[in-house]
Each structure stands twice: as C-alpha cells, then as structure tokens.
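Quick heads-up: structures coming right below.
Okay, so chain A shows up in both of these, paired with chain B first and chain C after.
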Partner chain A sequence: MISNIITMVRKELIDAARDKRSVMAGLYYAIGTPLLMCGMFMLLIGQMTSPEDLNIKIENGSNAPDLVKYLSSQGITHGDSQSTNENGDKLDVKDIRLVISDDYAAQMAKGLSAEITLIADNSNEKLQNSIRRLERNLQTYSSEMGSLRLIARGIDPRVVQPIKVNVEDEATPDSKGGVILGVATMTMIYAVFISGMNLAIDTSAGERERNSLALLLSHPVSTRNIVLAKVIAVTVFAMVGLLLTLIISKISYAFVPWQELGFTVSISTEFILLMLLTGLPIALMAASLQLFVSFMAKTFKEAQSYLTLVLIVPMMLSMAASYNIAPDILQWLPVSGQQQALIAFIKGREIPMLQLLLSSLTTFIIAIGLAFGMERSLKSEKIVFGL
Partner chain B sequence: MTYHGQRTREHSLLSRFGHQGRALPTLLSALVITGFISSLPALASSSAQSDNKLGEQSSCYLEGLSEQLTCGFVTVPENADKPEGKQIQIHYAVLPAIKNSDHSEAFLAIAGGPGQSAMDNAAFFDRTFSKVRQQKDILLIDQRGTGRSNILNCESEGYQGSLAANEADFDTTKETQACLDNLASSDVTQYGSLNALKDFEAVREHLNYQKLHVYGISYGTRMAQLYMRHYPQVLSTVTIDGVVPMQQNVLAIGQAISRSFDLLLQGCSDNALCNKQFPQLKEELEAVDAKLALAPVITQVSDPLTGENTQLTMTRGKFMGAIRMALYAPNIRALIPHAIHQAANNNFQPIMGLYALNLDSTGIAMGMHASVVCGEDWQRLTADEREEVASTYFGQEMITTFEQSCDIWQMPAVDKSFSAAISSDIPTLVLSGEIDPATPPSWGELAMEKLTNAKHFIAPYASHGVAGQSCGNELIAQLVDSGSVAELDSECLNNDVSRNFYLNASTVEAIPLDESKHAIEQGDSHD
Partner chain C sequence: MIKVCNLSKKIGDVQALNNLSFEANDGQITGLLGPNGAGKTTCLRTVFGLLQADEGHAEIDGVDVAKSPIQAKQQLGLFPDPFGLYERLTPREYISYFAELNGLSRTQAKDATQKVLTELHMDDIADRRCKGFSQGQRMKTALAQAIVHQPTNIILDEPTRGLDVMSTRVLRDLLKALKKQGHCVLFSSHVMQEVAALCDQVIVMAEGKVVAVGSPDELCQQTGKDSLEDAFIQLIGTDEGIAA
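What follows is the complex of A and B.
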C-alpha cells in the first residue's frame, strides 16, 4: 500500500511539475513575498528616518538668531521651495513651518517664555519623525536655557526635576525585532496555503474537468490511497514553498538597514527548523482543506472562488495572532496557536508547549477529518462527475 | 545633608584637597561636565553584578540607559608581583553592536579624570558613539580604583559645608592622611596607569576581542597612548580626544586654563552683543579676583538646592574655580560674562550657581586620582617647569596641594621612559578643542611628534572632549569603519555649535532697546 501511495504521489508531482502555471504561482509567492517585504521595509525605514539635513521654513528667524544657529548646528535649517543646494539640486523642503513670535527677544530678555509656533500636519507619516526631531531639539534648547537661567539665579537646576524616571527595558535585542518578525511569520504561514493552492485545484477540480478523475478512480487503487497521495503531493508543494520563503527571507533580510531602527532582524537557523516543524501539520491541513473544497466545487473556476473565501479564515487567525489583537482563546486554535508559539520563540520567551501541541493536534485532526470526508465524497457520483 | 552615600563619598575628596583639589582633579575630567544637563550627577546605580560568581556575565542596566547590557568582571591581583595577595575585580560593560555580525572587534572607550568611571558615563558614550555602535560592540571598563572596580574614595563632610567654608582653612595634609587611612585595605601604589593597562588587556582577552578601536578622552588619552606603546598589535585604530601627550606633565594645566580665560574674554569682546553689554569684562574679572585675593566676601544666600538660608564665603578659589569649570561646557561657558559682571557688582548669585554645579558631581575617585598624578606627573616636574607652573594662579594652587598630598601618598615614580613620545603607525585621530581649558591644541600637536599615520584636527568651537561637542564622533565612526585616517575631513568641525553669551540672567538674544535699560537695572540691583 505504501509503494502504491508513493507511486501515486510521484504521479501527482510529475503532473504538477508539467503544469508550469501552478508551479510558478507557488514560486512567485515564495520568492516574491520576502523580497516585497524587504523592499517595503527599506522604503518605510527610509521615509521614517528624518533626513540628516532637514529643511523647514523658519519665519521671523531674525528675531531669534541664536535659536536658528542652534537648530542649524543640529542639521535643521531654513529653506524655501526655490532654494538649491551647492550642487544646484532643488532642496527637499519639508512642509513644516516654525514661526518665531515678534516679541520673542523681548519676552526672553524678561525671563518669560518666548513663543514659537510649529505648524505641520501631524497625520502625515512622512513628516512625523521630522516633527518629533524638531520638537526634541526645541525642548533640549529650552531646557538647557532653563537650567542656565536657574544657575544664573544661584539655584541648582536639579530642583526642577523632582522625579527622575529610570527605565529598565526588559526587551532583548531579539524581541525588539519581534514585531517585524511577527508580520514576517504571517507571510510565511500564508506561503503554506498559497504554494499548494493551485496544485490542489488542479489535481481535484482540474482533474475532473479533464475527465481523468473518473479514470483514476476506476484503477484498482483504494479511494483512501488516492486521497492520501493527493494530500501528500499538495503538502510537499506547500512545504517546498515554505522552505523557499524561509531561505529567501534569511538572505534578503540581511540587506535591510534595520540598525536605523535601533535593532536588528535576522532569521536564525533554529527559527527555520521550528517553522518547518510547526508548518508541517498546517501544510497537511491546508492541503486537505483545499482539496476538499475543490472537490466540492463543480468547476475549476468555482473552486478558485470558493478557496479564496475559505482561506480567509486561517488568514484572519494568523493576522490576529501576529498583530497581537487576539483574545486568549486564539492560542489554542489551529494556525494562530502555532504562530503565537513562533512569535514567542522569536522574542526569546518560553514557547507555550501545551498550546502548541494542542493546536498542532487540532490542526492534524482537522486534516484527517477533511481527508476522511474527501474519501467518502469521492464515492459519490455527484462529486466524481461534478453533477 | 541626607544625600545618598555615593554622593557624599564622591564629594569627600574634593573637600579634602580643598578648592585646588577640586580644580585640579576635575581638570582632566570634564566628561561629566561635558554632558552637563543630561549627566549632572552621573553616579552609579547599576545593580546586578557584584554578587555573581567569578567572571560570570550578567545582564545589567546602567545609569541613563534603558536597555539591557552585558556586565561582568575579571579578577586580577592588586599587585601583579604578589599573585596570591589581594584580588580586585575589574568591572566592565558591553554595549552590544546593533548589527552584530562580527564580535571580534570592539570599541573601547576610556574615561577621563583620572578617576572617572567609564560605566557611569555609559549613556554619554552610547549617545556620542551611536554610529560606531551600529557595527561594533562598545566596551567600557571601570579602571582600577574607579567606579565599581575597587574604587579609591574617601568620606568627608557634606555639601552644605562647602559653601560656607574657606578653602584656605583646609588642611590638605591631614585630609589626605585621613583618606589614606580609610583606604588602608588597598595598596594605593598599585593604582597607576600601567597596572590599569594590564587590567584592560585582561578584560580584552577574557571577552575574546581580537582587535580594539581605542578612544580615550582627557586622561583616557594617556591610557590610549600607553596601549599604543605596550600592545600595538591589538589595536586597529586609536582616537585621542583632549590630549595629554606622554611628554606633557598634566600639572602644567595652569597655562591652559589661563589661555582659556583669555579666549573667553577675547570671545566676548569680539562679539558685538557681549561687548556692548559687558564692555569692561577683563577689568571686572581682574577687579573681583584682586578683591577676593585680599579677603573672601561673606554673604547670606539661599542654598542652591535646599533653598535654606546659608552663609556663602566667596573666596578666590570658589570664584576662579567656578569659572574654570564652566569653561568645560560651551553651553555653560556662555553664562560666564554675565556671572563675572554680576560679581563685579557684588552679586555672587550666578557664580554660586556655577560653583554648585560641581559641588557633588565630578564623579572622580580622588584616591585613584592621587595615585596617578603623584606617580606619573608630580615627580617628573622639573624645577624650571615648576617655576613656570607657579606663575599662574591655578598652577600655584596645584603645586601647593600636590606637594602636601603626594608627600603622603608615597607613590613610586614611573620610569623615565614613561614620558617618551609615542612612536606608532597605527591609524590615529588626534582631536583638540580650540577653547579647551585643560588640554590646549598645542598638546595635541605634541602628541603628533612621532605618530606617522595620524591626523590632528582642531575643532574651533569645542572645549574639552571634541567627540561630544561637534561632529568629532562622526569622524571617529568613519575612522572605525574605514580603518584609515586618509579620508577624514575636518570640514564639519567648523560648524558653529556655540551659543551666544548670556546678556542677562535670561537671554542670549539681543535685548530690545526699551528693555535693555530696564534689564540692566534689574540685574544690577539684584543683591
């Protein structure tokens, strides 16, 4: 019986390999997603970090020459849209305005607060870091002057800092990158579902459309073996897709300038192994689910639409887990349970073994249940001939 | 005064050595002061390490840094000739590289003083060298006798006493003896730079770093140069910032201070606003100095911290010392003309404010300080040098103090070869601040004498410690990254990072005409 299954798995795989479209679909995702993610992160990091030379509009700068000089020593200078740098290129002037009040110097001289107004759109993500940087610099300048004003009056500046908060951050360098790797794990779990999907449709609904399913069933092999062979073939595809995703991620993540964010993200070999191990039951379940749904559908097209709908469920589970918005129950469920364990591993926390085992077991049971259902349904003419 | 123990301890030695003591010890220090507002009292509150087993590493937190770092220590004999004798722990902290691909190299930052703890200043080093840290671990070692490594410190009276005290009443001999008695369990003669250098090597080997990029600030430059002399094979690059060349006796700092005073007066008279507001600054400074030299001015003031009524005995030592210490930080320096002007009008409030800044936060282990200065500088002071040093106020004070304290400390003199110029072809960046009140640019030039692969940059707006006050830190990051001084360009050091001088107690901007009269009146009628 084993050799029987092996032969059929080989047949399914050869079939699948001939169908370039389904192979490519899997590969596109496995190779493309990590690269896309990296590109996205690089773009984000580039946009989020404030440029070294920040050009903003400073109005009434002549009222506060020392402040303007200070800001310029911090790389924040006045520029208007017409200005150019020494190479003749147009300056990138951020849409941030700093207006210095007319009575700035007078207020300052009296020991009062001199007013400046910062005008910018705080909802513009591209500006947020620059705005914060400007605010931070103004705050530094202000508190430095405040301290010196106190010193000039014979008072120790420490008296105006009654509380000093010492923060002891328990994050480790690994866990700081955990948020990002959490999202990355989600795309890896997707890989399991996506990579095998086309093959699953092809080998079920597709096979039926080509009228080879009935032929296959008429051979002297048990329906169970046929179902098992198909599940295994799709699983193999899913796992190859996952492995590819992991390898490409490991290589490409090294090129993202994570250090700009103050931490680093890297995919360790241990993580790859754990991911493959926990990914296996998910891949089995994904394969059975996809095959089951495809058999239920009447045509290839219909299978595609159904699958897209059905796949939303595991994807939602995975997303909820990775954005950490999940209620506790989710850590016991398939997909989200494994994913939370993976995230715990990334962050260097203890892996919740019980939850992982239970969710893997549930996943496995669902897979068996679906396979069993498929075996039964394949005995029905309605299914076999798509009536 | 109910300060936490450490603070009183830090302070103790200052009182012992009296005002000169404070002046001098801190001379080379400046680290704490450079950081100023952020690092006012940079005293240790790190937990974690002392109770673990020998050489074991643990995660720890250091003052001002929220992230977990790696701390540990190596145990070395206090006296290398008596390996079975007293053992001391040399503590270190590693700020791990952000992008940590390669841990075979580290960036070793050596603190000044002598007597400052590198680990207590971790936040300063982390901030200054954030670019270096993206690629390299930053290694901080508490040199023996400082910080957590068997600190040589002494107890003494608290902070309140200092305002009222007249430094002339300090008995340096007696105070030094008391300090030495307190340190009886340690052999203070073992706390010189050369022994400390061996500790650094022990830490390097313990942590398995193949190569080091060394950064020394102030007195730390002496350690960095000794590293170049004794262990050149483990160095990739060296940066010395605020340089004490081996040929130079630190006791000659008096001239550097005078130079810095002159530059300040010059700077004010060159600045239209300052010159207009304080046209007689030089005369005022001389007048106050002369007046206080005759007798201190005693007034009732509010204590800078407690606000309680207390007596302020404004001595020449407090006055000159406060100005001198203010010269270390460019942003505090901006207040000096106003403070002098007020003092000339008999208002010592601003001077007291400046003075109070250094009362209890210099963070210098005075016992270790004495071990270094008495062994390595005091005894090589020639008669000619001594005469020259004594020609300035600060030099004279220093000679008086060390004459008495070194007599008690009984450090053996270092070998003559100690003072030889460093000859090396290791890529070396030499940084000097033009307005430095401790280590003038000429000292940096002296250090260059036999360095064949070095560049000396003078930052026009920096005082002591160029890396923290300008783009010096970027140049260092570039040096560490490229391993060569060839590409370094000093252009960015010309970026004006100075503040304008304070024109009254509140502003650095030009005082509008109708306000200015009022403001001066207000200021002058202050006491």
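What follows is the complex of A and C.
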C-alpha cells in the first residue's frame, strides 16, 4: 500500500506548510544561524588580526626610558584611567601594573639584573592574553639587552643560544580554517534537528491532542505506513531546512574577510552535495527520534521540553567532533562521524570513507530501530489515548 | 453487519466491558443506549480496533477486527467523539484525504468528496479551512468523512452532542437515508428522543453489560412503561447520567 503513504505524506506536508509555527521554526534557524555565524567570524577575525594597543600602568617609568620606548613600539603604553586617545575617547586601561624598581638604572649600568615587577590577577581570563603579550615582549627585550652586553664584552651572543629552533608550519591555508569550519558544519548539521522539530511534535503529540490520531488509526491503514509517512514528512522538512541553511551560508560566508586570516573558506557546490548526502541519514534519524519522543509525551508542551533535553545529545557529539576532544569511538557514531568526514573534506584531506559509511550505517540503524519502536507504541492503547 | 461476541475489557481497575454481546444488522439503525460511563465509547473503540479486548471479539461483515484489522476496517465508516478535524485543511481536502486512505484513487476520491459535499449542503464551506468552524459545520465535516467511501457499516459516537435543531435534522435525515440504502448504522447516545425517533433496535447498556435489547416499543412493553425514558430507568435501575 505505497499509495496511501504518498497520500499521507502529501497531507502532512500541506498541513505543515500551513502551520506558521512549524515553518517559522525552520526558517528562523536556516536564515538566522548562518548570519549569526558570519557576525561571529567577523568579530573573531577582527580580534585575531589587529591586536589593539595595550594600555597598562607603568610605575617609575622614568627610571627605564629605553624599556618604555621599546614597549610603546610594540603597542604597550602607559595610561591611567583619566587618559584619552587622539580622538578624545577614554582609553581602556587594563588592570596590569608594571613596577620598575628604584635602582633599575643603576643595576642596568652595572651590568647586573635590574628588577621589574609585573602585578596582575592571573586568574582573570580576560587579562590572560595581555599578560602573556607583556611577558613575551619583556622576555625579548631582556634577551636583546643580554646580546648587547655580550657583544660589548667581545663574545658572540650565539654562545648562549646553543639551540636554534626553526619552526615550519605545514598547515595549508584551508586546514587552518578547520576549527572555524568545524563550528560552521556543526550549525549546519544541527539545522536537520531544528527544522523538523516543530512538525515532528505537531504531527505526533499535537495530533493526539487534537484527537485526530485515534481517527487516523481507525482507518484501514497499517501503523507501519502511518509511521513511515510521518518520518518521511519530517525528513523532508529537515532536508529543506538544511538546504536553505547551506544556500544562505554560501552567500553570507562570501562577505567574511577570510583573506585576513591567510585562508579562504568557501562553501563549494561539492561541499553542499556531500553535506546533503551525509545529512539524509541524520535527518531520518532526527525525524524518528523526535517523533518517538513526542509520541511518548502526553502533550505538545511536554514533548517540547523532552526534545530540548534530547537534542543536547547530538549537540554534544557534534561539539566533541569540532573541538577535537573526541575519543576515537566518536568517529563511528552518528553525527560526529559524519561531521569529522565533512571537516576532513573542507581541510582538503581524503574523506575517511569507511568511517563515513559505518557512521551513516549506525545512524540508519538507529532510525529504523526508533521507527519500529514507534510502530509498536502506536499499537498500545496507552500511547494512542495518552493514558 | 457488526457483531460483538462476549467482549470483556478492563481499563485500570474499572471493568469497562463485561461479557458484552450484540448484533447490528444491515438496513437497520441500531442505538447503543446507556448512561455516562456505561462503556459505550469503549465498546465502539474496540469495534474499530483501537482498543484490544481482554476476552471476546468483534466482527465486521464476518471479519475479526483483531485478526485482520485492515480488511475489517475497509467496510467501516467512523464518526468519532471528539471529531478530530485537521484545522488547517479545508473540508474538501479533509474528506478526500480519508477517502484516499480508504482505498479510493485520487480522482475517485475527488468525485466522491464532491458528491458528499453536495449531499450535506456543504458547498459554501467546502474550501474554507476548518479552523473557526461552528459545531454544526464540524459535525457535517466529520460526518462526510465517515460516509464518503460508502462503507457498509457506519459507527457514530454520540453524534447529536452540541447540535442545534437544524443540524440534528440533517443528521437524522442522513441516517434514515443510509438505512434505506441498506447500510448498517450503529450509534451510541444517551439522548432518549434521538433513540426513540430513529432506532429500529435499541441496545440498553449499563456497567459494561447488555441490559435489554429490542425496538423502542418492545422495551416499553417489556417494562410496562409508556415512554422509553421510563422504560430505560426501569431497566438500568437508576436515573444517574441520563439526558432527557
């Protein structure tokens, strides 16, 4: 009876397309998320590429005019809370104090160690970068002074540098973007879960709440066909959401100034195709999972709160894959397996086919298992009448 | 023909059906009469396979509902309580959807839908979405859904609830027409007037059991009362849960 599956899918889609809540839920995510991601990347790139001036409090600066000059050439200057910059805006003075000892000049002149003290709250996350930057610059200045002292004594400064470390970065421009794109792929995969969610609840818990489930079940249609039709309808919605997300990402990512990071990120047509192909089993699983959970819930609202909890699981899998904190087993699991393959594709590496196939297979098996569970549950009076 | 044999069903601690047996024949209107909580809805839900009986079985045209549900339900139309409309569909879409689910092709379903829409004088609301429909319009939509595929057997659960006089008349005339065409009509009710006016056979139910079977006149004779209402109260032994 394939024809009645088609009839049911058609009806579910017409019904869903007229449900503003279901359509908007998908649309908000598909349009909003890529734009938000773009904004975030722009901010991130802005911070990474143009280090701002660092304003700190330097006490007794007059004792070490050369050091102060050096630091200011590196963009680290003295400022107090009243200072303003050339535009008249108040300076953002970091809570870091650099105290130069009273005998600094004397010690320097004698060729001894001159003391400076760096006072800052090391537990303050926001200061970490500034503190490290200051330390690095002080270190460089110190070793420069050391070299000068050695030269003055007729010694080759290389004597005190027994090892010279050369670092060659093998990362290709594209692979550097991996982390950023890991996050981007995560939001795309998540589109599959979000876009169909409202429809999944509406067509299961909602259908029971409106009393049409019992009516549908009393017609000569097998429970299996009903479940299949609902899973297909939700999957269609999820895939449309994914496609929209991809298209909007492709357009909006073109506006992010990637070149400033030394690599480009473009959503290629090949990537879109691969994403849609790997997204399909995930969409099937997402649809079955959401329907299964919603059928268990008694009301629309209850289903919503259950699903929010359930959706944390794919989110975690996906996060683990994007931040590379994953244990090896994650590459065989749904969502994370596919995501790692997608990230490999973006980085220009070979796609781990075996891994992709196996994780897609696990995804598919979970989807079928959930569908069977639903078929059984729809035969139970408790589920049908929400007893 | 709908036949129920020795149905027993426990819901929670309540014995909802207790060894219930009756028959509803083709070309007759059979009324299932009982006070609230007598097990009418449970009985009907068991007949269309939504509930499984602990004991006994239900047959539609000789096919056991529990054993081959899809075949059995093909000759069944259902007017449920509550209606279960899809509020975002129009009556035309709604009715033809269920016609297709009952095995009609798309074009057949379309034609059958148009026919039933005309029959129930629904052309003015046929292409409006069901959201915001009045109780009478909802009833007509649900009724059209039940008869669109011309099933031999039609089951109606509390069909007259919340209807005004006009809608009740439409319903009554339709049921009589169905009877004339030779359909088997089974409906549950607790409204005496309806049952007295329509039924060829009344099955009086209380506490999940059949208390008495017969035409309204026979029931009056049996109890020695003048009206069906008095006969009914005499039969079930209390006047709790009856609407006049």
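Assume the second predicted complex is superposed on the first by the 328 of 387 C-alpha atoms of A that agree within 3 Å, B and C clash if a C-alpha of one lies under 4 Å from a C-alpha of the other, contacts with A are read in each partner's own complex, and residues count from 1 in each chain.
In this section, contacts are C-beta pairs under 8 Å (C-beta built on N, C-alpha and C of every residue); 3 or more make two chains touch, one makes a residue touch a chain.
Just so it is clear, the model here is predicted, and its values are computed rather than measured.
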item	value
Which of chain B and chain C A:309 touches, first, second, both or neither	neither
Contacts of A:353 with chain B and chain C, given as first, second, both or neither	neither
Which superposed partner A:64 touches (first chain B, second chain C, both, neither)	first
Touched partner set for A:211, first chain B, second chain C, both or neither	second
Chain B or chain C, by number of chain A residues touched	B
Intersection of chain A interface sets (partners chain B, chain C)	none
Residues of chain B that touch chain A when the two form their complex	36-37, 40-41, 45, 61, 63, 66-68, 96, 98-100, 134, 301-302, 304-305, 307, 331-332, 334-335, 338-339, 348-350, 352-354, 356-357, 495-500, 502-512, 515-516, 519
Residue ranges of chain A in contact with chain C within the complex	3-4, 7-8, 11, 14-15, 18-19, 210-222, 381, 384-385
Chain A residues within the chain B interface of the complex	63-67, 69-70, 72-73, 104-106, 108-111, 143-145, 147-159, 166-173, 258-259, 262-264
Chain C - residues contacting chain A, complex	45, 48-52, 69-74, 76, 78, 80, 82-89, 93, 97-98, 100-103, 129
